[in-house]
Amino acid sequence: MEKGRLETFADGIFAIAATLLVLEIAVPHVTHGGDLGEALLDLWPSYLAYATSFLTIGIMWVNHHTVFRQIRETDLVFLYLNLGLLLMIAFVPFPTTLLADYAWGDEGRAAALAYGTTLTITAVFFNSIWRYAIWDRRLLRSDADPREVSGITRAYRPGIPLYAGATLVALVSPRASAALYLAIALFYMVSSSFFGRDEAVA
Amino acid sequence: MEKGRLETFADGIFAIAATLLVLEIAVPHVTHGGDLGEALLDLWPSYLAYATSFLTIGIMWVNHHTVFRQIRETDLVFLYLNLGLLLMIAFVPFPTTLLADYAWGDEGRAAALAYGTTLTITAVFFNSIWRYAIWDRRLLRSDADPREVSGITRAYRPGIPLYAGATLVALVSPRASAALYLAIALFYMVSSSFFGRDEAVA
Amino acid sequence: MEKGRLETFADGIFAIAATLLVLEIAVPHVTHGGDLGEALLDLWPSYLAYATSFLTIGIMWVNHHTVFRQIRETDLVFLYLNLGLLLMIAFVPFPTTLLADYAWGDEGRAAALAYGTTLTITAVFFNSIWRYAIWDRRLLRSDADPREVSGITRAYRPGIPLYAGATLVALVSPRASAALYLAIALFYMVSSSFFGRDEAVA
Amino acid sequence: MEKGRLETFADGIFAIAATLLVLEIAVPHVTHGGDLGEALLDLWPSYLAYATSFLTIGIMWVNHHTVFRQIRETDLVFLYLNLGLLLMIAFVPFPTTLLADYAWGDEGRAAALAYGTTLTITAVFFNSIWRYAIWDRRLLRSDADPREVSGITRAYRPGIPLYAGATLVALVSPRASAALYLAIALFYMVSSSFFGRDEAVA
């Protein structure tokens, strides 16, 4: 039950954070003689940033679910680690706006670094939650299949290095970094759809 | 259960997106000598756009429910198609603001096109979800009534052409297009209340 | 189940609309030499409007629950009446801002009228939902106690005239009208706590 | 069931209020020649205020859950006390913005006082809810363990004096006060993780 309420609370924060992303897209102010159509096309970095963050939050929500399917109960440390994860998820709209407004212009480096740092810390919390839960099978369901558990561990392993790597790319090319954040989300969705059905999510 | 959690997550995004629509309506700034009452009446395009999007999201929520009543389980492709649908639903407040601010003025064409394109893509996701679920009865409940299933297919068929048509109308008359978006929602509500009780929703 | 999902969706919109109210309160911009404490005290109309709308939405949520406890199932007309109610509930943050910004100044009349009209229409939807459900016991649970049902009908009767009356007061005194909206909510809470436990809510 | 719906409604408001906190962080406007990285580092008071409020709301959510685990049913007074608590929780984003924008500058006193007053009133509602529920075991589950109940009473006792104390510190040093609000949340999390597992939360 406790587990169920934490799950519901987390679901709420994932859903709200994803839906608040749209507030980031500033409605253009076009006066007489301006061209709204052109102004809307110029907003493509905002659409890209919106899609990147929405899909990333969506994937993290799916993965959060995968973790919770394997656990039996929660304890306070697990609860607070989840609170840390949710604090980062709820924070995502802020660096998303930075990415949209700056990543493709002159001040792109700081924006892409801020976005990547946020996702990297989020991935660290995510991995901590999983490792804390499986350590000594502390919070695992007694009937959790060891092969499935190690499959999840394997599936979550690339998260931190991928996001840390894309963050470091920002030092060289903020645009490549911004493209990578979207590519990671899309690649994850495509690869898990084809190969991951039995272990990672479901 | 998985199905239940996706349903809950989707419900959350439908509800939040609908409730965020109100933030689109800018409170008028009236100074001494101005007339707040008149300024409030002048906001009628915002009220219309608010009602259009709120009812449209509400109807899509009802239809989403209808789909989920027929399915037995989800898989990752179905999950990601839903994520795409939700990405579009959560996006609706943005073109709604465009519609409210521009559809009845000089730059109406781009605004009505943006709104209609959003709803058309949403309808495409909606139909993809349904067709993916029923293809080869992949995700259907084993006891799903074939007549009910084909009734839903029939009921969802006009969605894409209706929204694509109203979008094209924007090229000729943005105002007619904006009126059509509301008319589609109202017509759907009235007709389903009278005729659709047994097949489309319920 | 259908009933349960509509209930969850409605709960979500009630909760989100209530929580969005805080965005209405504009953080004062105080520069060197200004006095933040004074600026915060000057915001009392915003605090009052926030409390009025939060409590009103909370009471309507409680009443919505009371209705749903008596019904057995939903149909599409009932669903769309609820959608209309939720459209009004989600709209409340807008007139709340008007009330906060204008009700105590020169343009108070239009603000208090807009607020009262919103609540009156909301009350009309609320009563329509209840009357539609009980008409010919259409949607009532078969074991619904007739005395409890008529108790609810009696308890909901004053809603429309009270809000319509407070709205008309705005024509004479917007301030009295604004005070009445809060007084109605507080009076309802106090009186139902003392007398209403057995019939109206619970 | 009633209890369950109030719990769900409360969970929704806790989750939404926590997620809205991010809107408080204003995206810096950096023009050519400015330095976005520096501007982002200068926002540290916003990050601190965000973390403070997010964790505080999270802890209050956990505690709210602890209360509800012990109660059997609700009544209207209990419901309205909860509405009061939720009104304060949903209000938190406003003083959080004040804390972020002013606590470390010249007008820090009013900001830290406003923040602390909000949390103190919240703690008063929290304690009222618990004391009302346990008074004469009015709303307690019949099998509620007296030792667990008095353990919760003991665990909640420091809440009001701690927040009231940190509020008074604002009169002397707004910065110390702001730091204390975060310290209280962190201290609570650490101490409950080590010692509180069996009585306070779980």
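Should a chain be cited, it is by its letter among A, B, C and D, assigned in written order, with residues numbered from 1 in that chain.
Note that contacts are C-beta pairs under 8 Å (C-beta built on N, C-alpha and C of every residue); 3 or more make two chains touch, one makes a residue touch a chain.
Just so we're clear, the structure is a prediction, and the values are computed from it rather than from any experiment.
Engineer: Which contact partners do chain A and chain B have in common?
Structural biologist: Common contact partners of chain A and chain B, which must touch each of the two, are absent.
Engineer: Check every other chain and keep only those touching both chain C and chain D; list them.
Structural biologist: none
Engineer: Between chain B and chain C, two touching copies, which fits better, same or different residues at the interface, with half of the numbers shared as the threshold?
Structural biologist: Interface between chain B and chain C is built from largely different residues.
Engineer: Determine the centre-to-centre distance between chain B and chain D, using the mean Cα coordinates as centres, and give it in whole Å.
Structural biologist: 37
Engineer: For chain A and chain D, let me know how many angstrom lie between their CA-based centres, rounded off.
Structural biologist: Those two chain centres are 26 Å apart.
Engineer: What are the residue numbers in chain B that touch two or more other chains?
Structural biologist: Each of 8, 12, 16, 20, 23 in chain B touches at least two other chains.
Engineer: Have a look at which chains touch which and call the overall pattern line, ring, star, complete or other.
Structural biologist: It is a ring, because the chains touch in a row that closes back on itself.
Engineer: Could you list, by residue number, the parts of chain A that touch chain D in their complex?
Structural biologist: Going through chain A, the ones touching chain D are 2, 5, 8-9, 12-13, 16-17, 20, 23, 75-77, 79-80, 83, 86-87, 90-94, 97-98, 101-102, 106-107, 109-111, 113-114.
Engineer: Enumerate the contact residues on chain C facing chain D in the complex.
Structural biologist: 7-8, 11-12, 14-16, 18-23, 25, 27, 30, 32, 34-37, 40, 50-51, 54-55, 58, 61-62, 65, 189, 192-193, 196-197, 201-202
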